[in-house]
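Structures given as structure tokens follow.
Look at the two complexes coming up: chain A is in both, with chain B in one and chain C in the other.
Up next is the complex of A and B:
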């Protein structure tokens, strides 16, 4: 960064601001009528049609299921890419996991450098982890009636997994922070999502449609939330745990 | 209220860019995420606020801090 001359930095900043203004100019000076049709339709009928009180959930799992499928694929590709890069960097992935059986911390090197750590981190994160996990599960499973949903709950679960990974010192090691477990949960979550999406084809309702015609579609939204939450939580948690092991090499 | 939060976000972002100590910059970024999450909540988007708090202030900060631990903490002169 500092190799560049200050004038080059100023030029770069000016170019960035100019590009951003160019992109935002039509938005800022938009004086046509806002598109209200879909908004009014969803407000009037979304809750009845989907059965979900949280309209955000109803939209991204009911009306716009394809977007959610795309999001989960993006996450899957990101996780695969990160694992590939860690592998290509010539290091073993999460070297701590082999030592976990011998009672060492899953985060490689934390046992080695124990003298530099305070008990504070272990105690606080180890105790906070399960609480965060439960809150994440709540956000995930009650996404149809309260703010939250699969993705939101999944990232909260992921932070709980990171807490557990940082806080467990051998004895209290949770199998949840094992790389293999997380990878399997993610793969199983994606498979279940594909199956849930394809179930509608078999029953004749269509791709990503609630398979049971007569029943309220809210159960389908809850199931999708749970599957997506597990997948996202395991995926992001796996990424973090893998990096924790890598960086301490 | 919203203007004050936006101003604080701007100040923290500038500090994160300009700070020579990468750890300080990361903490400032975490503060930006926390303030954004509060902003989303005030603007009645609690779903986004949950995601922003968990990803921005939580997970990404952990990843940054761990990356900084394995390299030089300050920006190269």
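Up next is the complex of A and C:
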């Protein structure tokens, strides 16, 4: 930390903000038209070419499958890295997410607040978990005709898994909340995604193309959405459960 | 233009948390706010191209779906970055017993 007076720091910050505002003002004031060529093309042909009424699904599962594959790999690497870093720290977080062994506050100069769990949280999250799981499956499987899709549904499924993990109080865990189960679902989801991407090669349609030519490509989008949803749900659920401290290593 | 200014202010809030806060978890919050500001900027800008959701059959003129698909990716990457940053913060806390960046530097420096 510098030894300057706070007023000098405030002045410097104000000057920086003023300079940035001056430089960025043309951007904020920009009034050009939105380029609409691709929008018009997708509106005219997107549903016929990909089979999905939801054009966002059509893009990330139909036109840009490679991108989605890379995205799931990034997610896989992030989950592995975070689990590895937490796991290698040599201890698991205390159930109830308070680090009870450490008496001092993590930040110097602030008072440590007591972390409390109430019966209310246990009861509500335990009962709500299955409902959220079903809603996640709905969002996942109807992503081609309504707002939603694999990633969105997967995140809802993950929050359902977190609810189940919070509601079970560490005892009598549902097997779905077990770290090993979630890791296996994640791995199986990635394998299924690779298989689904490669099926098109075998049938001659091409990588990440619907393998059955002639049939409507909707089924392929639904299958990809389901696989991605399971993978994302298991991955993010695994991450959250591990950070809650329920993961068994 | 109002939307751009508000998003710019949100971006500055995230940058401020990232630069000025000493608590590592608050720095991660700042990173998340920065990410949200970028996502909001793309969605708000694309909103000029239409009024309806990019789902066929709604009757309205649809919005450009490309920025929405891009931001889907950006949100997932943001979650990944947050998870990794929290993992690193946890390791630093376990190693030094502090979430305060100055304190961590001091304790790591002294061995």
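We take it that the second predicted complex is superposed on the first by the 181 of 249 C-alpha atoms of A that agree within 3 Å, B and C clash if a C-alpha of one lies under 4 Å from a C-alpha of the other, contacts with A are read in each partner's own complex, and residues count from 1 in each chain.
Here is the rule we go by: contacts are C-beta pairs under 8 Å (C-beta built on N, C-alpha and C of every residue); 3 or more make two chains touch, one makes a residue touch a chain.
What you see is a predicted model, and the numbers here were worked out from it, not measured in a lab.
Novice: What is the contact status of A:38 with respect to chain B (first) and chain C (second): first, second, both, or neither?
Specialist: second
Novice: Touching A:82, do we find chain B (first), chain C (second), both, or neither?
Specialist: It touches chain C, and chain B stays clear.
Novice: Tell me which partner A:55 touches in the superposition: chain B (first), chain C (second), both or neither.
Specialist: In the superposed model, A:55 contacts chain C only, not chain B.
Novice: Please indicate which partner A:159 is in contact with in the superposed arrangement: first for chain B, second for chain C, both, or neither.
Specialist: first
Novice: Of the partners chain B and chain C, which touch A:148 in the superposed model: first, second, both, neither?
Specialist: first
Novice: In this superposed model, does chain C or chain B come into contact with more residues of chain A?
Specialist: When the residues of chain A touched by each partner are counted, C comes out ahead.
Novice: What residues on chain A does chain C touch that chain B touches too?
Specialist: Looking at chain A, the two contact sets intersect at 1, 54, 56, 147, 149, 151, 236, 239, 243.
Novice: Residue numbers of chain A touching chain B in their complex, please.
Specialist: So the residues of chain A in touch with chain B come to 1-2, 54, 56, 139, 147-149, 151-152, 155-156, 158-159, 162, 166, 236, 239-240, 243-244, 247-249.
Novice: In the complex, go through chain B and note every residue touching chain A.
Specialist: That would be residues 46-47, 49-51, 54-55, 58-59, 62-63, 66-67, 69-70, 75-77 of chain B.
Novice: Give every residue of chain A touching chain C within the complex, in rising order.
Specialist: My answer: residues 1, 17, 24, 27-29, 34, 36, 38-39, 42-43, 46-47, 53-56, 58-60, 64, 67, 71, 74-75, 77-79, 81-86, 88-91, 102, 104, 106-108, 145-147, 149, 151, 232, 236, 239, 243.
Novice: Please name which positions on chain C make contact with chain A in the complex.
Specialist: 1, 4-5, 8, 12, 22-23, 45-46, 48-50, 53-57, 62-66, 68-69, 72-73, 75-77, 79-81, 83-84, 86-88, 90-91, 93-95, 97-100, 102-103
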